[in-house]
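Pasting a structure here, questions to come.
For reference, chains read A, B, C and D in written order, and residue numbers begin at 1 within each chain.
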Amino acid sequence: MNILTLFIFIPALFGFLILALPDGLKQTFKYITLTATLIQLALGIYLYLNFKTGAEFAGINHEQQFQFVQKLPWISLNMGNAGRMQVDYFVGVDGISVLMLVMTAVVMVIAVLASWEIKQNLKGFFALFLMLDMAVAGVFCALDFFLFYLFYELMLLPLYFLIGMWGGVRREYAAIKFFLYTLFGSVFMLLIMVGLYLSVTDPGTGNHTFNLISMMNPANYTQGSVFSLASHQTLFGVPARVLGFVVIFIAFAIKVPVVPLHTWLPDAHVEAPTPVSIILAGVLLKVGGYGIIRICMGIFPEVAVSGAFWIGLLGVISIIYGALNALAQRDLKRLIAYSSVSHMGFVLLGLASLTAEGVSGAMMQMVSHGFLSSMLFFLVGIIYDRVHDRDIYNFRGLATTMPQYTTFVMIAFFASLGLPGFSAFVAEAFTLAGTFKSDLVPHWMAVCGSIGILLSAAYFLWTLQRMFFGKELLKGGDAWKQALTGLKIREKLALFPLAVLALALGVMPSLVFGKINDSVLALIEFTKHMVR
Amino acid sequence: MSLVTVMFYLMAVIAVGSAVYVAASKNLVRSVFMFFATLFALAGLYVLSLADFVAVTQVVVYVGGILVLILFAFMLSGRESLAVLAQQTNRLIAVNKLPAMLVAMAFFGLLAYVFLHARINDAPWLQEAAANQNVFTPQDVTINHLGVNLMTTYLLPFEVISILLLMALAGAAHLSRKEAEA
Amino acid sequence: MITLTHYLLVSAALFSIGLYVILSKQNAIQILIGIELMLNAAILNLVAFGKFDKINNGGQSFALFAIVLAAATTAVALAIVLNVYRRYKTIDPGKINQLKD
Amino acid sequence: MTSITPHIDSVVVTCTLLAAGLPLGASAVNFLLPGKTGRASGWLSVLAILGSLILAGIVFSKVWNAGEWSVQQAWFTIGSTTVYAGLLFNNLSALMLLLVSAIALPVHIYSTAYIKAAEQNRYFTYLSFFCFSMLALVVVNNLVMLYAFWELVGFSSYLLIGFWFTRDGAVKANKKAFIMNRIGDIGLLSAIIILFVQYHTFDLTLLFGQNGLVFNSFMRNGLWMAPAHQLPAVWQCIAFGGVFLAVAAKSAQFPLHTWLPDAMEGPTSVSALIHAATMVAAGVFLLGRVYPLFNTTELDILAIIGCFTAFLAATIALTQNDLKRILAYSTISQLGYMIMAMGIDAYASSLFHLVTHAFFKCLLFLCAGVIIHEVQHIKDEHQLDIDPQNILYMGGLRKKMPITFMATVVGCLALVGIPLTSGYLSKDGILIQAFEWAESRAWYYEILPVGILLTSALTAFYVARLIFKVFFGEFKLKEIFPDIHLHISDGSWAYRLPLILLALCSLFPLFSWNPLLYEHAWLFKGFLPVDYLVRENVYHAIVPALINIISVFVVYWAYAVYLQQRKLVFSQKSFLFKLSYHHWYIDTFYQQVVVKAVVAFSQALFWFDRQVIDGLIHQLTRAGKLLAGMSAWADRYIIDGFLLLITQVVKGIGSFFRSFQGGKVQYYLYSMLILMLTLFIIKLLV
């Protein structure tokens, strides 16, 4: 049995188990889910440890360089004159995706631990949760565009219900907004996908193929097809490949999210229950970044190069805009949501630079943000569970009431604002270094990006000062004080590993860089090669 | 203008005016009594048309017979119809009457058109009658001649109508009789 | 000078009024009155033209017949009206519509 | 470049690592064993720093004047760049290592008495962590790690300023301190990135060492040429600007100095260690590290800023009433000296002053701490509503706390620069070199040494004011509240020992056998190029004499004003007094203009986000809904309506004809009549 297949479908298996069990056993559901995610985590660690590095395992555009590959024919339809329609079940990892998988596994465990507070309709919740887990894992493994798209869309459905049914007051609004936004992006991606399918042939069989890796090789495009590099076709007066890039980029930019397309995020985060917020911020945003690397840059590298300025500009705008917006918030969760916008802006900026430093920094930022945003949302969830309020102005002096909690908050905040020793610092510093080094984006973008670091200090410290320090003063008075108990074992169990991970990645960045370096270098080399 | 002319117009106006009142009045009793006026005015017109006997018959049969009959029927039909009638809005031109009004006007227009364009006064048989002295003059005593004619020239119709009257009498009596076994 | 046309116009007016009454009234007795009006209009014509038949007295004779017939029909009609009233408790011809599909 | 001298290598490296690692260990132990450890945690940290001091001494003895060398090990690889973790040994690192641990030890001892037992665990966690960051900062060999520890000292400073986190003032101050330092940090980060891109390395030795990369780069045709890369010349200026921002933030130079006085909200021992002696000197240290980067213009800017800051802070210190704030502004002022010294090429003097200043300013703060501690006791005992740091409540303390008094006097004399103190040696060196520097330039450069001379006079005045207000005259608090009991003393040995130690270090013998000539100080020589030629000129005689005469005069004047109740020249209502008292309104300006503008801007952006961007989305939604509504309407009324119309028409025709068969007599009549009429009309028309 292929380990990736196991990784993907373990959650589904347990999901079916939950569906099959009677409602009387509903107290066991969370343990079942926890077991599933723990198995997944174990598999993830196994993957990480056994992942071979070296230039011959770089992946990116060489199918044979991927590891843990499984390729099975899945849909094969003889369509007469149109040839055979061929969709493969094709999974595999390279340096870029293996880290995403490990991170996903960790975040999922944390999210399950955060799900303890869910009280209603447990069966539905955990079944959807595991379905989401499966879809996310699938997205990161899939090397067939069709499969990728399938999992990509499959993520939407459980999320819609998870937000819409277990969310806050305006959950329907948020869920619909989220759903429509994402669907808007992905529907057009479908068109491009079909266009690519019709343009690309498998060199082995001569059939059209959805194989992502085949799509990266210009030689596989049939002569005169829409997306062929040589044919310079235009659609609506725009070069077809530019259009394809832009459409797919918009789809993933909505996920990231990039500034003019971000407004679903604060609403979705604020309304979503804690575990869903964690998954949303920890994993789903990274699907956007991962997609940009794997698909936008992989298939349309020359457009990524020529459009680097605009991508970088969007990144810089996201960084500063998100940070300034965070500064204006009084809802703690919304503040963190906007800070996510800001931090994910670094990812975009790093990717735009197309330098080894920038792309590695962006990858690091994704992993780092995965852990840190999970931690932040978990922390907000803790306080929200206790008093059902998260307005910053309603709290003061929490450090006196909940010292341990405050310690974790401080770790999370300072790690997020890029204190050296934590992962975000390495990520942001090298993102900026890569940006400055790059010939594709102007130097001033790096300087502007660094202003985001300053602003992040401003909003996090303001929150700390306003909410945690000073004389104890709670809006709910003694009732709140009673409710604001110290951390439970379960909560510590979730927070502690995250803090340790953030610290470990900051002190030993090679944990990440060591695995991704070959792939990143290959990607850079590949884009340069394509441009030539 | 001669007295005859004046009388004609007077009678005509009374006849038409009272007829209009009959049509317009919501009060059935009033309209029935106003119908008297019409009938009297018509009797007057008969006289002016030199038909004294017809005028007398008109008064006797209609006023003395038919109208009394109508009043009886009306009273027998009970308060209810009165009440229904009293409820009707007292407007001359009610919307639901408008089609009827229009049709009636149109018919009047039609008739007037025909009468005005027919040039009846110049009809050949009238000229002939005038030439043969076959026209009543106010000095004539008509009633003798009429009696003779009824019994001679118009004997058959006279008898047939008598039988018809008898049948009507019997029929009316039969109809108005209380139904014992109904 | 009063000509035939005058009589005809008066009779036309009476006829039209009778017509109107018949069309618009919802009371059988009033409708009957309308019929009488129309009959009288016809009789007026008979009388008016009868003036020019001194020898045969056709107009006046038939005017007499008509008057008598009118009386007869009225009597029968009223009897019918009474019966109708007894059966339907109304004398509105519009409401006696059992023939309607 | 990595000239490893084998025989001292391993010992020195181990010692250095241990010296930095011991406080980290102490900090970690304290952090992980929270709760009721109480004083034990304090002693753990003291032992750790004592160990550091000894190790630092060993390192110093082996590294001082032994050339420059470094060791390193690959840390991680990113792309094709390998980032190393390594140590750099030269005179500067060795000296700083020793200095930091030497200052830290007395402060640690002092703190064991100063901080309540219940809070010691947390306090020493932070303090040891600071020592670790600071010690590491001075020995690392590359810019990435330099930046990391640079920010970590800022972070530990943040923790310590806000140590009493229930006080609003403290937490606001630490937020301010961190954010202002962050401005410097991003400057430094930008500079590091620029250097990295330009030279493809982070290594300090490679960059700034003898014949390093920086020496081999030059400007040509508006381009900044380096061996491997070139950038537009403006980026060199930006790199300088970044470094300057970093220095200004960390060393509290204008315009980023306002955080330092606020930082006095922290415990006094912290102020002594971090905000007087060590961390704030890190800016000067950084300048020392990257010194070769700057060109003449940039150095001039540094000198001007330093001189201006020195003057500015001195004028502010004249009128402050808060004991610690006076010292804080004095610190800013002295840091200005150092920066200026860097700017005028007096590299060695600057570092010399850094060291001497560290001792005497730390001493002054600790003295202040003792005083404040005693007043605080009175306050707590009698439930008085007073500010224990306000010098207006003090007076006549010299008899009650003789050791403190003596120590303060020594510190103050050193600060003013009276002969026989260390301050005299270092400060006079700066002044003399300032005059020399100005001499070789245009006349208007003279404003710098004159300004700094003026600042010296101002220093003498505020120092005298402080001493007279605090130690002479009568105890004012007793006058205001006559029924209080006083039992003021110098405190326990944990207070006295550090004071005595530091006071001794503030005198000349530690630095030079000759109390009058700064050129003879061993420390000074350690930073000079080998071929440095001592230029004997007239300034060496005139300047020290001038300063001392002025100082003595000013001190006497202050004595006259404050003790003999002569009238003050400046009225408290005058503009100058207000300007000084309100710190030149700089803080007000930042708060009112900068902060408010940023906050307002962020609110506006949020409004924009909600109303415009999200509003656009909502409008789109509404448009979509409208479209849907329209098509639904069309579906219902046009497409469906058409079918409905047909049925309606058929039905209408049907009922029209049916109405003729309605059983209503009058309708039959109607139809008959209308038909007749119609026929007639047709007949008539045709």
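By definition in this document, a contact is a pair of C-beta atoms (placed from the backbone, for glycine too) under 8 Å apart; a residue touches a chain by one contact, two chains touch by 3 or more.
Predicted model, so just to flag it, every value in this text is computed and none were measured.
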Pick the pair with more C-beta contacts: A-D or B-D? A-D
Which chain has its C-alpha centre closest to the mean of all protein C-alpha atoms shown? A
Between chain A and chain D, the Cα-mean centres are separated in Å by 35
Chain B and chain D: spacing of chain centres that average the CA atoms, whole Å: 123
Whole-Å gap between the CA centroids of chain A and chain B: 103
Counting in whole Å, what is the centre-to-centre distance of chain B and chain C, each centre being its mean C-alpha position? 7
Chain B residues touching 2+ other chains are 99-100, 103, 107
Per-residue multi-chain contacts in chain A, two or more chains: none
The positions of chain C in contact with two or more other chains are 19, 23-24
Full set of chain pairs in contact is A-D, B-C, B-D, C-D
Contact footprint of chain B on chain D as seen in their complex: 666, 670, 673-674, 677, 680
Which part of chain D faces chain C closely enough to touch in the complex? 658, 661-666, 669-670, 673
Considering the complex alone, what residue numbers of chain C touch chain D? 19, 22-24, 93-94, 96-101
Partner chain C, residues of chain B touching it in the complex: 4-5, 8, 12, 15-16, 19-20, 22-23, 28, 31-32, 35, 38-39, 42, 45-46, 48-51, 53-54, 57-58, 61-62, 65-66, 69-70, 72-74, 76-78, 80-81, 84-85, 96-97, 99-101, 103-105, 107-108, 111-112, 115-116, 120-121, 125-126, 129-130, 133-136, 140, 142, 145-146, 149-150, 153-154, 157-158, 161, 164-165, 168-169, 171-176, 179
Touching residues (chain side chain C, partner chain B) in the complex: 1-10, 12-21, 23-24, 26-27, 29-30, 32-34, 36-37, 40, 43-44, 47-48, 50-57, 59-65, 67-76, 78-83, 85-86, 89-92
